[in-house]
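Letters A, B, C and D mark the chains as written, and numbering starts fresh at 1 in each.
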Amino acid sequence: MTKPLHLILIEILQVVIVIAAAPAFLGWVDMLKCWLQGRTSAGIMQPYRNIAKLFVKDVVLADNASWIFRITPYLVFGTAVVVGSVIPIISTNLFLAPSADIIVVIAIFATARFFMALAGMDIGTAFGGMGASREMMIASLTEPAILMAIFTVSLAGRSTSLLHIVQSFSNGALVLRPSIVFAGIAFVLVVIAEAGRVPVDNPSTHLELTMVHEAMILEYSGRHLALIEWGSMIRFFLFVTLGIACFLPWGIASTDDAGSIAASVFFMVIKAAVIGVVVVLIETGLAKMRLFRLTEFLGAAFLLSTLGVIAFFILE
Amino acid sequence: MITPIELSIFSAIAFAIPILFVIVIGNSRRLLICISFSVSALASLINVAAGIMAVSNGEAQHLILPLGLPALPFHLRLDELSGFFLVVVGLLSFFVSIYSIGYVSGLATGKPVKRLIVFYNIFIAAMFMVCLADDALFFLVAWEVMAAASYFLVMFEDEHSENRRAAYLYMVMAHIGAVLILLSFGVLAGVTTGFESFTGYTFDAMREANIPPKWAAVAFLLSFCGFAAKAGVIPFHVWLPEAHPVAPSNVSALMSGVMLKTAIYGIIRITFDIIRVFPWWWGTMVLVLGLISAVMGVLYALMQHDLKKLLAYHSVENIGIILIGIGLSMIFTSFRLPLMAALALLAGLYHTINHAMFKGLLFMGAGAVLHATHERNMDEMGGLIHQMPWTSAFFLVGCISISALPPFNGFVSEWLTFQAFLLSPSLPIPMMKLLIPLGAAVLALTGALAAACFVKVFGVIFLGNWRGHHHHAAVEAGWSMRIGMALASLTCLCLGVLPAIVLNWMDVISEKLANTKLISSSGVYGWMWLTPVDPERASYSGPLVLIGIVAVCTITYLLLHVKPGMISRVPVWDCGFQKLTSRMQYNAVSFSMPFRRIFGYLFDIKEQIRLSPQQRHTAFPVKSNYYLRIRDRFWGWIYRPVIDRVVLLSRKAGLLQHGRIHVYLIYSFLTIIVLLALL
Amino acid sequence: MNLQLLAQINSFLAALVLLTAFAMLSQRKINSLVTLFAWQGLFLSINTAVVGFVAAKHHLYISSLLTLSIKVILLPYILHVLIVRLKIRKEMETIMNIPTTMLIGIALVIFSYHLTAPVREMSTLITRSTLAVALATVMIGLLMMITRKHAVTQIIGFLAMENGLFFAATSATYGMPLVVELGVALDVLIAAFIFGIFFFHISTTFDSLSVEQMESLREDN
Amino acid sequence: MILLVLIITPFVAAMILAFIGDRKVAPVINIFSSFLTFLAGIALAVEVFRHGQFVAGGKFFFVDAFNVYLSVLTAFVSMTTAVFSRRYMQREKDHGKVGHTRMRFYHAMFQMFIFAMLLCLLTNNIGVLWIAMELATLSTVLLVSLYRTPNAIEAAWKYFILCGVGIAQALFGTVLLYFAAEKVIGEGGEALLWTNLIEVSGSLEPTVLSLAFVFLVVGYGTKVGLVPLHNWLPDAHSEGPTPISAVLSGLLLNIALYALVRCKVLVDGSTHTHYAGNIMMGFGIISILVASFSILRQKDIKRMFSYSSIEHMGIATFAFGLGGSIATFGALLHMLMHSITKSSIFFTVGHVCQMNQTQEISRIKGLFKGDPFTGWSLMLGAMAIAGMPPFGIFTSEFLILTATIKDVPLLTPLILIGLAVAFAGLLRKVQYMVSGDIPSYFKQLKTARTPVILHMALVLALAFYMPAFLYKWFQAAVELLK
């Protein structure tokens, strides 16, 4: 068994990586997008600049903003970081990992969303309310799909704790399981919805009728906005890593010598980059959907994940 | 040394004291309220103690009161299960009694407060007796007294016709349910002793009897229908959204928080304790009904804009969730999978206590809001967080808990239920393997919808600006109300953060009913980690998650406030055009619009926009008003036809009393002829 | 006198009772109805005496006297007085037309014969065969109450039933114990007074004795 | 000796009251004599409790566990009714509804009625039983028409004719019974004594007895108010003065049922089949259903409660027909509880009607506010009669229903429907009457609270504690009847 010091170090390292790398991942995605759409990109570092800019700005609060409005950014950021500390990204020797299994992770994200929606309604503008309403609607549709995807994985891995899922997969030989494939595809769709990407939501629009996430945070400014932005970047990144941990966990270090850690970091970067490409391809391939077409999109996700479960029982 | 059961009997008797006060110091209202509700709070607390003792020292105690029929005296029995429910009932009634001191004295003068006090105490005492009863007669007596008392409490403001209607509907359904339960006891006792003596009516006799499967099924179905009518399981739920809103809020807190739980108690008592051996389809039935109630309940709730009606529908949802746990447990039991049965059962029971706490809390909060605004329609509220900070904070806790979000208690029980679902693959029947996971998806949907619903509730009531037409100066609730809510919120947090301890304590129930301990098989991590079944499978540490989030938030806050940029307060940005009125906010109806669009086919929705005829000038927009009515389809499907049949039959019966004496003579003539012919 | 003859007398009287019953069933005129009722009572009392003689039961003589005094003299007299006092129209309209009523009556006779057959088998009394007649009389009395619209006729029907019962009591068994006989007679007497009072009340409140006005307590609306 | 006092007191009182007429003392004498009767009843009960059942007066009287509790009950209820009727009838007189002669008549006939009922219960002679039953009818006929309104007279007329016809059938049955008995026991009075009949019931001719039972069940059933022989009952109850409704519904129906059950025992003893039981069960079910559905549409408060009496008599008849120890026990208990509860309800209804000067349910409102005591006693009474705990009727219905589902499961749905509909109907109307605001024409009056409190307390107490001697009697009666 490894020494506690190492464990703490690994834990800290991972959290730092998560916090630091998340904007970069978003930057990477945006960059790819620009390339694909034949625009010149602002570079992978742009998100960092945005955050930095927002941090130095002053905060402008509406008169009737309550404490809900003010604590929400911290909660968003905090929950994201906490989740970041339990998903095995660079190593399976996370001593915090047992404190939250995959269901808890989803639930913690849900908490963040809950508060964000409340904050959206706090000011009492039509936009905030609209954003909150739509966000919760989308969430209620994604939840079953994501749960079924997780279900498939945890049936296969005989556990809902991420560590054991990762171990049982990465130790086992690379077998192509139809159930996992179905679940994987479903998971990608769900991640797109959860992270508010096209075709579910367009992060770069401020056209009121299509806004969802942006509508909720419309009233935010300064460091609050920075925290929320950063938090949602981390969230996006964590979903990706969660996908990695569940569906392609190969390469995540199970020992804690520096070499294997470094290797697993490297693998992680590669995987993340690839996933970024996939996301971008989907985004550019599809157009933003009307709100009530989303049911079909997420329905498809749910169908796939259910197929995953069924496939697990029938084929394996 | 006084035994728990004696303790709880004495405390139950203590509930008579306030009733005496009503007679003695009836004239000074304020004093009466203070004393009597404090007494009932104390008595409830004693019951909690008794329950805790009973569960921890873990063997059943019997007591026989010299009441009832000489051959069939009242049998009482305090075992782990009843102890647990004593705790549930006692805890909430303790909080609510404290709350009531402020709430009741805030009621308008001229309301029959004495009636309220009398039946309030009878009600709580009856609930305790239901949990203690150990023979059919006493159980039913307590059960019906409970129903009657709550009926009078719902009738509290009998000058309003809606109260009368609701109370009537409730009482009739409760009574029919009780008769069904009575019949199921009849079956059990009948096959036990063949009715040559009264001994068959005790639960002990029923336990010993080996009931033939057919009769057992009959008994189960009868009792389940009876209890479902009380618990508000769909399709027996129609009384619930009528009765809970009109009752005084402290009463609706109790009814929704704990009275429904007595039905859960009954179901568990009958199936797990008395019948014990049952086929898998019973569990499946319970599970399916639970799933339907859960999702339908939350969907109906989403459509409501009457605060208390909405909460009532959420009770339907949560009862559904509890039944999911119990149903799973029954399925596992019938397939001899004790460990999983234990897990599912504990999940159900844990959600029972959780729901008691947060639903009680929410109803108390609703009461406080009603007190402040005299409004039940959410679309007439808004921005209350500024006037009533405390209430809003407590209410928020309730919202988070009921939305099953960590680190509060609602999440833990749903998490346990999910774990139980995850164990379904070890069932022998392939079909169930396939289908039960879908149940998990439904549960997930329920949780998400609940979250949406409570974003709506909290957002519309407490956030934004005042939406009401008539402006009303709301004031914060009084101290006793706040204490009551604070205690409930605290309990919610504790149950959410330290579930391992509570489950350890409850585990003896699963040992008795599912024949195995849960934690003992997985207690490796101690109180910090909740690891049902075994840590390999799943683990959750409430404390760590809570500490983590709090820590990160504080650190970030501190880091950001070493050199804080200034915060300037400005009016809301009105997108450029002037006069952003508070009527432009999203309200309950508009919030739930997407859900209406998606799930609309489940409801009987009548939605229309009327354009006012007179057009002042083409340049001005036409004045239009929006009309929305959402009805429960079940009423039209089941209840309306039944009522019509009954009325029709009664008209037919009226024809007998024809008024002509000749006809009457013919009746008696024909009766003789027929009887003689049959001879 | 030999029993055979007495038995024949007995059955002959039974036939007469039945006949009067039918006659009452077909009778429209109220006065003659009362007269017929008196006749029936007379036959009854004779029969009772005969049976008493046959069975050497002396208390039957008393009940025969009672019958004579009440059913033949007192009640008809009361009824007559009432009819005169209340100026009751002579013609009584019925609900069913007479022939149908008669047919039903005959059916009843056959039915009661069929019913009492087993009883007759086991009885040893010479009067046993008259039980059917008694039952038929009771039934016809009931039928009469059903078919007549008038209070007085209903009462007469009622008394005819009483006669039938009495006939049963004396013929099927050689008379009930005396105390019972007396009690029954007393009851009939009280009943007579009561319906007397009733006639007055009804006629004063409804200014007619037709039962048809008394149909206000109904629920079929 | 005590027996004599018990029987004679009401008779003498009737004579006295008829003699002195409508004086101030009349109601007092009325109360006093019924109180005396009640004491005699108690003494008799003690006697029976000491020495068990006995025969007295040259085999003319017979007291056993079955009729002793009924006679005490009769004495008790008639006493409370006398207390209640004092103020009630006084007020009716003040309203000019009844005159002096009728008051004289009322008091005399009331005592006469009690006398008839006690005779019914205590006599050993089936024939005398019949006579007393007829007497009970005749003595109440003119009480029903006491108000001389057209409706009252109509009701009384129907009561008179229908019960007269019914009773006549019963006499025919009795004759047949005697006919069968005299072969075994021999002629003369002996052959009608129940004590003798029960001994030889095994050797009585089954065909005759089953023939007799048809007439008996139709005859006494008419007075019990079994559907379809019930039509007189709602009219008589709703049009007569309330104290009479109380005793009719609370006592007379019981007595008739008592007579019927006595006969059933004989028939069962002879036929050894469940023939009589089945007939009674059939009547019971029909009565429960019809009555409960009729309750739902009543506009007159007294009519509604009279229908509920029909329903409960149906339940008791059904239970007796069902037989078996539990069901019979339940039936006996049900007779007791029902008569106590129902009479108290009628007292309350009397008060309610006088306060609102109407019997129309639609015009009675806001009793909780208007007169809390009356309102609550009506509400609780209705709850009790509808079979809600903690009142005694629940206990009996509990026993009966549980026994039913065991023995004849297929009939339970019918009973369930009946009970549910009756409950719904009663609660709907009563809730309407007690709740809401006070109508303008409402006038609060001083009410006779003691009887109501006494009855309700008794029903409540008996639900929670049944004294040992009562239980012993019930068991003995069960042994006899089951």
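To be clear about the criterion, contacts are C-beta pairs under 8 Å (C-beta built on N, C-alpha and C of every residue); 3 or more make two chains touch, one makes a residue touch a chain.
Keep in mind that this is a model prediction, so the values were computed, not measured.
**Q** Considering A-B alongside C-D, which chain pair is linked by more C-beta pairs in contact?
**A** Higher C-beta contact count between the two pairs: A-B.
**Q** Measuring between mean CA coordinates, which chain is farthest from chain A?
**A** C
**Q** Average the C-alpha coordinates of each chain, average all protein C-alpha coordinates together, and give the chain whose average is closest to the overall one.
**A** Looking at where each chain's C-alpha mean falls, the closest to the middle is B.
**Q** For chain C and chain D, let me know how many angstrom lie between their CA-based centres, rounded off.
**A** Computed value for the inter-centroid distance: 31 Å.
**Q** Could you give the separation in Å between the centres of chain A and chain B, each centre being the mean of its C-alpha atoms?
**A** 36
**Q** Can you work out the whole-Å distance between the CA centroids of chain B and chain C?
**A** Computed value for the inter-centroid distance: 70 Å.
**Q** Taking each chain's centre as its mean C-alpha position, how far apart are chain B and chain D in Å?
**A** Computed from C-alpha means, the inter-chain centre distance equals 44 Å.
**Q** For chain A, which residues are shared contacts with two or more other chains?
**A** Correct list: empty.
**Q** Give the residues of chain D touching no fewer than two other chains, as numbers and ranges.
**A** Each of 157-158, 161, 165, 169, 211, 234, 294, 297 in chain D touches at least two other chains.
**Q** Which positions in chain C are in touch with at least two other chains?
**A** 115, 142, 145, 154, 211, 214-217, 219
**Q** Spell out all pairs of chains that touch, sorted by label.
**A** Once each pair is checked, the touching ones are A-B, B-C, B-D, C-D.
**Q** Any idea which chain B residues touch chain C in the complex?
**A** Listed in rising order, the residues of chain B that touch chain C are 654-662, 665-666, 668-669, 673, 676, 679.
**Q** In their shared complex, at which residues does chain A touch chain B?
**A** 55-68, 71, 74-75, 77-79, 81-82, 85, 96, 98-101, 103-104, 107-108, 110-111, 113-114, 117-118, 120-130, 132-134, 136-137, 139-144, 146-148, 151, 154-155, 158-161, 164, 219, 222-223, 227, 291-292, 295, 302, 306, 309-310, 313
**Q** Help me check something: in the complex, which residues belonging to chain D touch chain C?
**A** Touching chain C: residues 125, 127-128, 130-131, 134-135, 138, 141-142, 145, 148-151, 153-158, 160-161, 164-165, 168-169, 171-172, 175-176, 178-179, 182-183, 187-189, 191-192, 205, 207-208, 211, 234-235, 238-239, 294, 297-298 of chain D.
**Q** Going by the contact rule at the top, pick out the chain B residues touching chain A in the complex.
**A** 382-383, 385-386, 396, 400, 403-406, 411, 415, 418-419, 421-422, 425, 430, 433-434, 437-438, 440-442, 444-445, 447-449, 451-452, 454-456, 458-460, 462-465, 525, 529, 531, 535-541, 544-545, 548-550, 552-553, 556-557, 560, 565-573, 575, 580, 582, 584-587, 590-595, 597-598
**Q** Report the residues of chain B in contact with chain D in the complex, numbered from low to high.
**A** Interface residues on the chain B side: 66-71, 112, 136-137, 140-141, 144-145, 148, 155, 158-159, 164, 167-168, 171-172, 175-176, 179-180, 182-183, 185-187, 189-191, 194-198, 201, 646-647, 649-654, 656-657, 661, 664-665, 667-668, 671-672, 675-676, 679.
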